[in-house]
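Common to both upcoming complexes is chain A, partnered first by chain B, then by chain C.
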Partner chain A sequence: MPRGRWFIQDPRSCKWVQADDTVNNLMESAFKLQKSTIDITIGINEYRVDFVKRRMYGSSGGSRLIRRDEVQASNPYELDEYANPKLNMKEIENLYNKCKAASDTEEDLIQGEGLMTLCSELSISIDDVSLLLLACRIQAAEPFKIGRTEMIVALRSLGIDSVKKLKSAITQWKNELSNDRSFKYFYWFAFDWTREENSRVMQNEAAIESWKTLLSTRCGKFPLDLWCEFVSSQYKKAISKDAWKSLWDFMQTSAPDLSNYSEDEGWPVLMDEFVEWAQPKLRS
Partner chain B sequence: MKLSIRPFETKSLPGDFEKMMWKKLEMAVHSIHKQEAARHPLEELYTAVNDLCLHGFTDSLYDKLEKTCEDHIKSVFSKLEGKRLSGVKFLSALSEVWEGTCIELTVIKTVFGSLDRTVVLHNSRKALWDMGLAIFRTIFTNSESTKTRTLTALLEQIQFERQGTSINQGLMKQTLSMMTSLGIYDLFEAPFLQETRRFYSEEAATQLAKEGDIGPYLYLIQSRIAEEGNKVEAYLSFHTRKQLTTDVLQCLIGDHAQDILDKGFVSLMENKKVAELRLLYSHFDLPGVQKVELLKNSFRIFVKQAGAKKVLNEANDSSMISDLLVFKTELDDVLQNAFSGREELGYTLRDAFEEFINMRANRPAELLAKYIDSKMKPGAKETDEQLEPLLDQCLDLFRMIAAKDVFEAFYKKDFAKRLLLGKCASIYTEKVFIGKLKAECGPSFTSKLEGMLKDMEVSREVLSEYSGEDTNLSVQILTESYWPTYQSCQVLLPTKLSTALDGVKTFYLKKYSGRRLVWQTCLCTCTVKATYARVKKELNVSLMQALILLIFNNEKEVSFAKIKELVGTSDVELTRSLQALAFSNQARILKRTVKGGKEIADTDMFVVNEELQHRHYKIRVNGIQMNETEDEAKATTERVFQDRSYSIDACVVRTMKSRKTMSHSDLMSTVFSQLQFPVQASDLKKRIETLLERDYLARDDRKQNVYHYVA
Partner chain C sequence: MYAYTVVYNVCTKHQSAKNGVTCAQELYRRLKEMIENHLRESVTDKVIHKTGDALLQEVHKEWKTHGLIVKWARFMFRYLDDYYTKSPQIDNLSTMMLKGFERAVFQRIKTSLRNVILTNIESERDGNTIDREVLRSAIWLFIDMGMETTEVYNQDFEKEFIKQSREYYQREAQQWQMEPGGQYTYLKKVEQKNMEEARRADSYLAPTTKGTLLKAIEQELLVTHMDKCLEDADAGTEALLNNERNDELGRMYRLFKNNGPGLERMADIVRKVIEREGKQINSKFSSGGTGETGEAASTTYIKSCLTLHDKYSQLFSTYLENNEQFLKARKTAYEVFVNPQQGDAWVLKQKTKGGKEGMDVITTSELLSTFIDGIMKKEMESEEALDNILDKCVTLFTYIHDKDLFQQFYMKQMSRRLMHNKNQHLLDQERTQISKLKMKMGSAYTSKLEGMLADQGVADNQNKHFKEYLADFEVKLPIDFTPLVLTTGFWPAFKHDTLAPPTGMNNCLSWFEKFYEKTTQSRKLTWIHSLGHASVVRKFPKGPREMSVTTYQACILVLFNETGSVVAKQAQETLKLPFEEIKRTFHSLAYGKFPVIKRADGNKALKQVKEGDEFIINDDFHANQRKFKIPAVVKQEREQIVDTNQEQRLHVIEACIVRIMKSRRVLSHSDLIAETIQQLSNLFSPEVRVIKKRIEDLIQRQYLERDEADRKQYRYLA
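Right after this comes the complex of A and B.
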């Protein structure tokens, strides 16, 4: 089920006002769990929300209409945590425990060796983007680590309750990558997965590696080699998330000889410097 | 009775009535043409005409008269051509002919009066006068040679006049009014204008090709315009005036406006020739010319170039501000007197001034602050009345400088020093100036300055209640946040001094509990009484130097290391103070026993210089430098730049917070307009990047150049 956005009608002006995030989450979770009413507190006032009657009743007696709009999230990897609440995730849990055992850590994570185990269980190569895809779908929070709740909740919301389903899902996801939009968000996630722990930036070398792996097939006429050369020899600083993300749009919108670049469009300074350095080379 | 009415008896005219009458009249006309008296008295002739008209012979009479006149005028003309005159002589002959014709026609008109009336009313023929003129005109225009000779002669005369010879203006007038009456003035006008244009274009070209100043040319233009005006008054027809003026202006000024400016404008401005400039402006402003735009351009270029020379010449720094003030006054003068204060030129002046003064990013601001500082101290040569307009001019310069925060930083520092060391010539002037700055830039700009002033007053009030034992001690207790930060240097104070200071401290803390007081020792001054063998002197020194000198009360010769130990301060500070005492050129109070360079080693020994010679009783040792060192100035500038990046950040966040979503270009332009100092686009971009990294802003997912505010 796609996400929902809740709106409350102001009784005096009859305008629909968007409920703020906390209220929205409360209402959404209750709705997904198929409850009929829920009591919530906004500020100092208490209200009872009735999903059947589609009204919100205040403590002093008034009531307001509520409505729910279904919103397609722009990020195709965003998860709907409340979907499929009754799914049996036993098999997945077993898989998780196996991998956790392999990763020698006290925390409830799969990491290091555990990732290798996971890959062999799912018959995917660790060098492949498949692992990255899986992490992306799970929306793993920390680089090269997968947590228990993360994995289980994510896979449950996607309706995957067995290893077989997971394997086929992985192949399906790979095919979806040919869609530009999915790839963009996947590429953005790649930054979070390959950056250093506790750091907001990615090291130069790691970035270049990742770019070569991920983007070489998709860069079109964009001079990706020149870009990597520039970053390793001239720029030499760590890559920020903003620069990483912007590279995708930069690739899509630039002319092959970078002639349509404009400094006033707000590209990160990294792009400015690259264009300045690369344009004479491209012209010759 | 039969009444019968009988018609009148018609008298029949004699058969040759007409012939006889006409014979009489013809003779009369001939004599008129010969300008002789007529045989028959005029009255008889008049009656004859009248009779003829009554009896219906008007037409034939008219035709016969016309023919006679025509023949006569033809003969006159051929006589004129036969004379083969040219030039002035021709003109005067022609003029005579014309005059004669006019007189004759008048007489004929009188005699043939009734014919005139009858003919015009009943038969719609021309009146006799007009008939005469028409004849004259036809004959004149049909004779090519007469025409050409007339025109040539007229133009020749005009040419002579323009070249300076005086001509017979009366003759010109007569000829031209003849042509006007004949209605053939256009024949003259077109070639005349053409000739005018040719003449003046030539003149303009020759004048401009000449070397030298443009001044004479401007005066020439003025005289020419006057001349041509006179011509119109004197003999030209008045409706030539407009076209003539336009043409003259066009040829002399309009076509060559840019050349005039290129040639002479700069030298006029440089030599401040206000009269010539005024002339130039008035010429350019004439309705026929309207080339003030070009003047504006040249003006702007001149101001920019001359100003840039003054500003960019680094060797000139010490006098830059006074030069600029003088320059501005001169320009204002020119603007008022020469250009009659025209608004557009005023704006041009301001723009050009702003452009060049900001060519050198921060130096003018710094120098301006220093200049004002020098004027506010005692020892400035201006009186109070002179000072206020001078400060107004400085404020004018300030308005045009972009780097206002640099000015603020330097001004604040200097102001603090002035207040602390009691070097303000007049507190009133200071207050007035701060008020002006406030009106200019808003209260946030001057809040610290006002704070400093108030601090001094408050401190004086509070401490007036302190009745300590030591009346030679003068203390100020100030709020740290208003004042610039100073280095704190530790010293070991002698007991007497420290007890006195403690006394003040206790008094203050009793009054206002919960405040922290820190003594700023490096700004303190002391007066030390020195008794030499033959003289007594008073030495005005810094606190540290005083402590050093006091050591010599107990010992004759002290080493550097010992001094350091006794005074209890750092090497650097001590070295500086000692250098001022021992190596100064004006008054060497201490002597080093061993010769050496500027550096002081630990083992160097110092003694009091017994042979101190100085004119004055009070000697001041330059311990705390009133004027900044290079390093201090650089440090201040650095700090200003750092503050700038904070201001930029704050501005960006503030803008985003109010607007929530903005595109990149919008954000850049809004921030640029809000900042009080010049900033590069690339710097601003870098600050936005850092804010992005720190999650104050976020980019839009779909649109690359749109930012969102992150709460």
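Right after this comes the complex of A and C.
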């Protein structure tokens, strides 16, 4: 989903200056909601931004030109919350309610049994990556849970308003996974959604399971089993997010016998130890 | 005069030019012709058939004559010079005549002349004497023939000369190498020859040649034989150092001074020698070679390091002109043996105290700190001597890598010193030392130490006020009592005390607390009795004695006031101390050097103190002095200090990383590591692995993040 990057022209030097993040977000959200003007405060000054006239007016007079550049978000799963505002999400809401009823919780989420129901409704198996992929597309925030707003807003922005469309979308997404970039961000998301609640790290065993499921087809010549063996027998500590994320790049860039590994490249200590342990085994 | 007038008349004749040639021109031409003819016929003949020395003589003579001719001609034909030759294409008279000489005579004799000169020089080198005057004029002939340039000289003479000199010295060098006396004499000869050649160049060569000549000789004599010279087993740099032949060393230095690689080699050898000697000192210490233990051994160790340093300082300044290279070499060598790593052969070890078998690794930081401690406790004879030795200690300090460890030890020991001894002299000494450290390390390093001193300084004043306060309330304290208030941040951390002091002491404590509350606001006082010391008097049957003891010991002794015998368990309950402490204190009182108490059951053999043991006062106690100090058993703190230090380092590294990232915003991995190491190099040298782990930890805590696109970059998260 393209996002907008706003620039403001400095009246004296006529240079285009990038608006800082908070201002950018304010302007972007207003823009997406198709408002015509918005009042914002930068530091101690107040301004009125007029999207129609493409100008920003200061409280003490004076105006500056503004412009918007569309940028492609690096993360392909980032959502544009304001797209398709008029889509009718009734069907999806029904699906959600059904699944929520199955999850025995008071909060407005699908979890546990609800997830099973969701899978059966969508005719996907709980073992393969489809559920994870769906959660990724929704950008679900809490592990093994899907919230109401999350789901509805996400699916709406993707233009999915029926179960049928959702099913076909899922197949399409699976095919997209063959693209390295999409896969990378999907893999990174996997950590956040499959770790334990309230914990910033993932336990060894869970990590190994996930790796085996997600990466066995994508690892190429990388000795994935050796890696899993190392983590379970030698490393014995929980896996941090940084280590998880780095594994992908590590897989991509390492030679099959790990000969091109360099400690100075800033890999996490987990990788240093793995290479130390595995290299003799690979040589024999 | 007459000739001049004639010339004048000729030139000024306004005759119309015959064939476009004026009279002046004609005159000039004829003069030229005449000179040339003369030269060709008379001079050349005389000269050309001579060889050897005769040639030299002849040339010398003829050149002198020619000089005269030129002078007179110029005088007579001055008018020509003033007017006719002023036009640029026409040489003036002297030049013209010079050129004439050159064409007619010089060109034909120059090679033979040159050869003669060279032969002469060679014979002089071999030790014969020659006529320098003649030689000089012959050589200068070459220069003059160049007519203001040294081209002729360089081309025709100098090149050959240098070549010949090289060959000569090459041969000589070979010969000298064979001679007995080896490299000693070789170098002596080289130096000698150098001086000779310099003198020779001065006396009859052109000034420009001197430099080139000396350089050529240096190359032949020294550079080609450099390896042999420097590495020779008998007379190489190492041997000279070992045998302390400093003169020879000085000579070697002078000779190689201008030769870059040679000097480097020498410096390298010096470094190796110092390193080896240093490692020897280390091993001697570790093996307990001198038979001393504890403080004495560390004193010897540090003293030997300092002596070694001094020895080389002297050597460098007297013989080696304090050359940078050598200073650097010594520094590197010291850094190697003063900072042994875990697996090195020259690691410093000491017997584990407390009866355990095996050796503990001890660091130079600790030894140095203990040494300075020893010095401070002693009274030095003079300010200067003290200053001197402290300066040297600080120099040694700069070589240590673990400077933060040193700081810890120093702080601990200094705090003990300050608490036990309060004279002004000592305070001044401490101050000097701290200012020295401050100069090297900056104020951040010494701020705590200064804080400690400040506390000490304030204490006297405070005590005075306290006494006044007590006087106001007309309170007389049962015990003569002097408290010392320590500011928590400056002093090393002390364990909390659970001692319940006897009534007399309690009284004093509470009065002081009241006083302190009155004078300051919102400050909490916590008593650390483990640091206190007291003076206890007892009238033994053999005479009254005054004992200097720790507070704990005093409390236990006071217990005997009430009952004749004290059981260990009872002491523990009354005083509310952990049993370990009680055990130790009883031990020091009963089994130390001055056993003032003894076991009730009279069992002298048993040295362990157990809960049920009963003790009574030792009435047979006898000591020679009236006043003495009963030492308490000191726990082994080394491990504790080292451990705390390690922990602290982690925090320091983290703080450093965050600081760097905050200012740089985005930085690559290798750059970050390099920066961190560099910034911390003053305090200690962190390992790369440790830094890496810290970075990861910081990523986990979201102080940093990796850049999404380039995973080697780190970004600072606000």
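In this section, the second predicted complex is superposed on the first by the 283 of 284 C-alpha atoms of A that agree within 3 Å, B and C clash if a C-alpha of one lies under 4 Å from a C-alpha of the other, contacts with A are read in each partner's own complex, and residues count from 1 in each chain.
Assume a contact is a pair of C-beta atoms (placed from the backbone, for glycine too) under 8 Å apart; a residue touches a chain by one contact, two chains touch by 3 or more.
Since the structure is predicted, the reported quantities are computational estimates derived from the model, not experimental observations.
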Partner chain(s) touched by A:Lys35 [first = chain B, second = chain C, both, neither]: neither
Contacts of A:Ser74 with chain B and chain C, given as first, second, both or neither: both
Chain B versus chain C as contact partner of A:Asp242, first or second or both or neither: both
First (chain B), second (chain C), both or neither touched by A:Arg200: both
First, second, both or neither for A:Gly266, with chain B first and chain C second: both
Overlapping contact positions on chain A, where the chain C interface meets the chain B interface: 74, 200, 240-242, 245-246, 249, 263-266, 268-269, 272
Complex interface listing, chain A residues touching chain B: 74-75, 200, 240-242, 245-246, 249, 253, 263-269, 272
Contact set on chain A toward chain C in their complex: 74, 200-201, 240-242, 245-246, 249, 263-266, 268-269, 272
Residues of chain B that touch chain A when the two form their complex: 663-665, 668, 681-682, 685-686, 688-689, 692-693, 699, 701-702, 704-705, 707
Residue ranges of chain C touching chain A (in the complex, touch as defined): 668-670, 673, 688-689, 692-693, 695-696, 699-700, 706, 708-709, 711-712, 714
